[in-house]
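Consider the two complexes below, in which chain A is the common component and chain B and chain C are the respective partners.
Entry: the complex of A and B
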């Protein structure tokens, strides 16, 4: 099966006074796995519901393939969807639930049976076909919902926080399963979550939503290593952010560190450095690195990793994460240490 | 468990007697074989039951009541269920006002409804007509349907219908697949309630009907002229049927509640 391209073009959506989406643009390649990541109320469900046809955009247009969807009823959009609360029909068996979209498409009976069986095998529930949803665990119910959403091979699959009702272990199992199924059937996936780890591990690209707008869309590594704004740097992972003086000739001062560093983006107003990108320097071999000093104020032991809070001369604090694999002993609380980072690891942040 | 207060127990027993004595007193009377209504009866027999079931006037009234109640129940259930769906899940000012309107007949005294219906029916020349009575009884049964079906409807997960739609079902098909099955027990039990709202009803029937009697009218008219143990037999029959049906309705309602909670 081939996934289709999904395209949101200048979509806005208001509920009376509330603006749920503004200038929402998103172009998803066929077969791509894109995640909408944002806090509650940032407009994720609104975007999904407009694509599914459950609500109409106030302005703008949504396309699957080249087909504009305004005025097309949900049942004619040929889109699969998995809901957070499973939304299985309680009075139908597992097999009847999975057969439903095929029956709506008027397939031949033995063809339907064959595909239902295959879909249930795919989610490892072949033995549960005759059960009612009430006789299944939460994880099994969501697997049935997944089988039901893909059994008719929709070119687009939507999932709205579909794992957040499950506990961590089940969630991780189903994440693997969803990725495997995505690889197998090649459908385009638009996935919604507020869980950054889920987004980072599953997606080809992540779109960060803030207040109904996409503030950055990139591959997970790029989002993590090169956040473009304070909001994104803060939202994904942990980050040390420092204000910059104005960038001149590719250089800017970091007043809190008392050093100058090269900065590639002339519009940058701050930098973000991940705690694990900072190195605690015992010796003096610091050529090519930006070096500054601080006092260890607090530390947290994680086993292979130690997190330390370091106070700089300006009073600013930052987080350092160090692997304990080296031979060097890490300095402890109260000691003055030298820190270094590769300026290439400092992501320039622009004002929003 | 705490020790029961004997005074509380006594109070409970008295309340139960107070509530049930008027109903239970007719049971021994109905099985008496004396000629007059007396308590306690001296001899027992099925004489008055035979009398009831073999008297064409009593039977005609019984069947008329059953017919009217069935019609009123079906009409009230149909209109009430559609109203609930029309009002939708979300509460708004309009839906609140409309719900109040649908529920009004349960609050307005029946005698006032009776008067209104009577005046209207006479104007339109449709008094003493079973169909008119069906409509009037449907109106007073409607509030129960709107309340009972409405509360069940609001408990049904609205994403079920969305799921049906996105899988290819049109709006009607989605309703029939996702919403109707979990709603059915509530509809049935509301239907049974509406049936007995009509089956029990006397005042509106008295105003509206003259030649054609319903069962409560027959009892009423009979009581006014002679006191006859047939009424006791009718009453017991009435109580048994009502209790059975109400029990079924309540069981259905509970099952629906449990299913929706699951």
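Entry: the complex of A and C
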């Protein structure tokens, strides 16, 4: 199966006074797995519903392939969808649920049977074909919903917060399974979630939504290492953010640390440093690193990792995460320590 | 054990107010003073009684089906409205139920009568010269019974429809079903249970209807309940009891048949896929 390109072009959507999407642009490559990540009310479900055809854009256009979708009814969009609550038909068996999209497309009986069987095998539910959804566990229902959404080999698959109803362990299992199926069938996936871990582990690219706009879209590791704004740095993972003085000649002061660091982006107003990128250094070998001091205030032991809260001279606190590798003993609460980081690990943040 | 104890008042109440009276009805109908089928033979062999029996069945069936045909779409329409507007629409449906059946039946006399609103309007408009006879006809009985029963069916359908998850219809659409197909494949089967229950309730209530045929029907529009009332007023207790038993039996029979058929239908539908 070939995934198709999905393209949102300057889409806006308002419900009366409320604006749900403003100037929403998104270009998804064929076969790509893109996640819309945002808090509730950020517009992610609105974007999904517009692509599915359940609601119309106020302006702008959505394309699958080269085909504009305005005015195309949901049943003619050839898009698969996994719903938040799975939306399995309670009066139909598992096999009847999965056969539904094929029946609507008027396939031959034996061809339908063959494909339903294959789809159920794919999600390891071949033995459950004759059951009603009510007789399945949450994870099994999720798998049926997935099989039903892909059985007709749609070039685009939409997933609407479909894992949030499940418990953590099951969710992780299904994340693996969804990625595997995505690799197998090669369809373009647009996944909607508010769970950053889910987004980071599953996506080729993640689009962070805030107030109906994409504030940053990048591969997970880029998003983590190089967040562009405070919102993104805060939304994805943990972060220490520090205000910068004005950048001059590629250098700016970090008043809270009492040091100057090189900053590549002249428009940066702050920096973000992930807790694990800060190093507690005992020795004096600090060439090329930015070094400053603070007092350990609190620590949390995680086994292989220790998280410490350090108070700087300015009163600002920051988080440090250290691996407990080797035999070096970590400083404890009350001790003054020297911290260092590679300026390249400090992501410059721009004002929004 | 305590769970069962709390049921005792209910059981006692049902026993005193329902089981014992029904027992007495059976005793009256079957013993006079020794066991006899005389009343039932009389009922079955007199053409007039059998004719009323069949017309009671017919009127109840037609009223129930008309209520279904009119009420189901109304309930569907209300369910499709934005949730904020539904309570007001349901309020409008329920308002007539707050008036006594007697008052509503008399109102129909005002509407349908020779000097009634409809005849007056038609004459005023010049469409007719003579008033049309509407009151004391079978048609009047049907119209009034449907009007009285309709809210019951709408409420029953509405409550079963609101339980249908709207995302199921969206799911059907995105999987390739036209709105009509989505309705037939998903909404109709899921609301059928409520619709059948509502239709049966209307049927059961209609079988015992008394005031409407008595006040709005003609001489030949009497229903079984009217015959029972006539026999009671002539103190023919045994015969009245026997007709009551026939009425009860016929209603139960229809109930069982429809339930069985609908269960089979739903089952069959699933098999067919």
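Here is the rule we go by: the second predicted complex is superposed on the first by the 352 of 352 C-alpha atoms of A that agree within 3 Å, B and C clash if a C-alpha of one lies under 4 Å from a C-alpha of the other, contacts with A are read in each partner's own complex, and residues count from 1 in each chain.
The criterion applied here is as follows: a residue touches a chain if its C-beta (ideal position, glycine included) is under 8 Å from a C-beta of that chain, and two chains touch if they have at least 3 such contacts.
In this text, all values refer to a predicted model and were calculated from it rather than measured experimentally.
A.B. asks: What does the overlay on chain A give for chain B and chain C, a clash or a fit?
C.D. replies: Once chain A is superposed (C-alpha atoms), there is a clash between chain B and chain C.
A.B. asks: Output check: A:134 vs chain B and chain C. Expected answer is one of first, second, both, neither. What do you get?
C.D. replies: Touch status of A:134: first partner only.
A.B. asks: When the two structures are overlaid on chain A, which partner does A:52 contact: first (chain B), second (chain C), both, or neither?
C.D. replies: both
A.B. asks: A:83 in the overlay: touching chain B, chain C, both, or neither? Say first, second, both or neither.
C.D. replies: Touch status of A:83: both partners.
A.B. asks: Between chain B (first) and chain C (second), which does A:93 come into contact with in this model arrangement: first, second, both, or neither?
C.D. replies: In the superposition, A:93 touches chain C alone.
A.B. asks: Let me test your reading of the model: by the given contact rule, A:235 touches which partner, first (chain B), second (chain C), both or neither?
C.D. replies: neither
A.B. asks: Please report the chain A residues shared by its interface with chain B and its interface with chain C.
C.D. replies: The answer is residues 52-54, 73-75, 77, 79-81, 83, 85, 87, 89-91, 100-101, 104-105, 148, 152 of chain A.
A.B. asks: Mind pulling up the chain A residues that touch chain B in the complex?
C.D. replies: Residue list for chain A touching chain B: 52-54, 73-75, 77, 79-81, 83, 85, 87, 89-91, 100-101, 104-105, 134, 148, 152.
A.B. asks: Quick check on the complex: what are the chain B residues that touch chain A?
C.D. replies: 157, 159-160, 162-170, 173-174, 177-178, 181-182, 259, 262
A.B. asks: For the complex, which residues does chain A have touching chain C?
C.D. replies: 52-54, 73-75, 77, 79-81, 83-85, 87, 89-93, 96, 99-101, 103-105, 148, 152
A.B. asks: Could you please specify the touching residues of chain C with respect to chain A in the complex?
C.D. replies: Touch residues, chain C against chain A: 165, 167-168, 170-178, 181, 185-186, 189-190, 266, 270, 273.
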